[in-house]
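Step one of this worksheet: look at the structure below.
Labels run A, B, C, D, E and F following the written order; every chain starts at residue 1.
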């Protein structure tokens, strides 16, 4: 009965999108549930997935908020 | 000094509600603090409770977002 | 389909115990599942509970590890 | 720069294993990193994965510790 | 490659602010990254920081939501 | 009443150490509590810190377990 938590920055990565799309979320949920089944035999009905979207000001890397990091350093993802 | 994190889907379960109500949140906080006191002797002033509400698109079960699961399978909670 | 995470220090609170006992863990799981049912109507088969025990050196409060805090300040829990 | 946390019960699911094997852990890490790349374009060097193994006494479902649930209800995973 | 998660109540602590300001978030990210470097030699490019802001109704202490606790007990933070 | 969770790999970074030392843990707890006080005015008695140490096989980066990554790529931290 696995629990998988996926944390990503709140921003668009699909063409024209400004946030993670419903299709991307469904693909993450389907893909990670399949992975748990393939690797560990965990059935679909026992896997929970939670996706957390985090504002760019609230995510830090390289000692900076990502909102700032993007301006300085190009496009880390 | 326990920390209890309660994650639920962001939707109404009380009559007429579209999300967890303030009364339900207060009841969860009171109830879980009492439980820690009863079972482990933890005093009220040392227990933190954090409630996280997760959008239906962001919660997966059975390999599907809950928003989709509800349409197909009735009303799992 | 709630997920409840309970974090406690790794130490005994029952008479003679040096860690949380299996009986205490079962009581926490039963009690918190019942609470989710009573307050929000969540059925038992949709609630996951995870208990995390944390070493006293790894838990901080008042700016000190709990292992140190206990020596100085009596018995916070 | 996603963070993926995978929580599973501490037990064997591969033949002869009594816990998640190093090979299974590597497959989970590889697979979930690939999924983030495929679905959201996240490069491998920006994805962190953390696997947490939880003792059977510390995981609850159906209001019971999994250690107890297995005895009563067959083999939920 | 540390991951630091900072959870705070969603409210203002700077003069005139009604939430954590972008400047405070940047200072937390910079400070905690520096701390990991100083104490454990972790370079800035390997530390992730995630700040989570939690509504006052969703945070419990002393068995009460913080929104209620503030009315009764002055100003715990 | 902040909660700060610090996740690090389980390995030594101090001379001769094979894991995070008690002194390093105390320094992290003291430093992060001070940071919350300096930046947001949070008093020491309202900040909880939890340090989680994660086995090298259980931490993934670049699509690989850190235990494997170290062999191939030098010494990322």
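Quick note on the criterion: a contact is a pair of C-beta atoms (placed from the backbone, for glycine too) under 8 Å apart; a residue touches a chain by one contact, two chains touch by 3 or more.
Model, not experiment: these values are computed from the prediction.
Student: Strictly by the touch rule at the top, which chains does subunit C share as contacts with subunit D?
Tutor: A, F
Student: Which one of B-C, B-F or C-D makes the same contacts as E-F, at least in over half of the residue pairs?
Tutor: The E-F interface is reproduced by B-C.
Student: What whole-Å value do you get for the distance between subunit A and subunit B if each is reduced to the mean of its CA atoms?
Tutor: That gives a centre separation of 22 Å.
Student: What whole-Å value do you get for the distance between subunit A and subunit C if each is reduced to the mean of its CA atoms?
Tutor: 29
Student: At which residue positions does subunit C touch at least two other chains?
Tutor: 1, 3, 7, 28, 32, 48, 50, 59, 61
Student: If two chains touch, include that pair; go through all of them.
Tutor: After working through each pair, the chains in contact turn out to be A-B, A-C, A-D, A-E, B-C, B-E, B-F, C-D, C-F, D-E, D-F, E-F.
Student: Across the complex, what residues on subunit A touch subunit E?
Tutor: Listed in rising order, the residues of subunit A that touch subunit E are 7, 54, 57-65, 67-68.
Student: Please output the residues of subunit E touching subunit F within their complex, sorted ascending.
Tutor: 1-9, 13, 20, 24, 27-28, 31-32, 35-36, 38-43, 46, 59, 61, 66, 76-77
Student: Can you list the subunit A residues touching subunit C in their complex?
Tutor: 1, 3, 48, 50
Student: Looking at the complex, which residues from subunit C come into contact with subunit D?
Tutor: Going by the criterion above, the answer is residues 22, 25-26, 28-30, 32-34, 44-45, 47-53.
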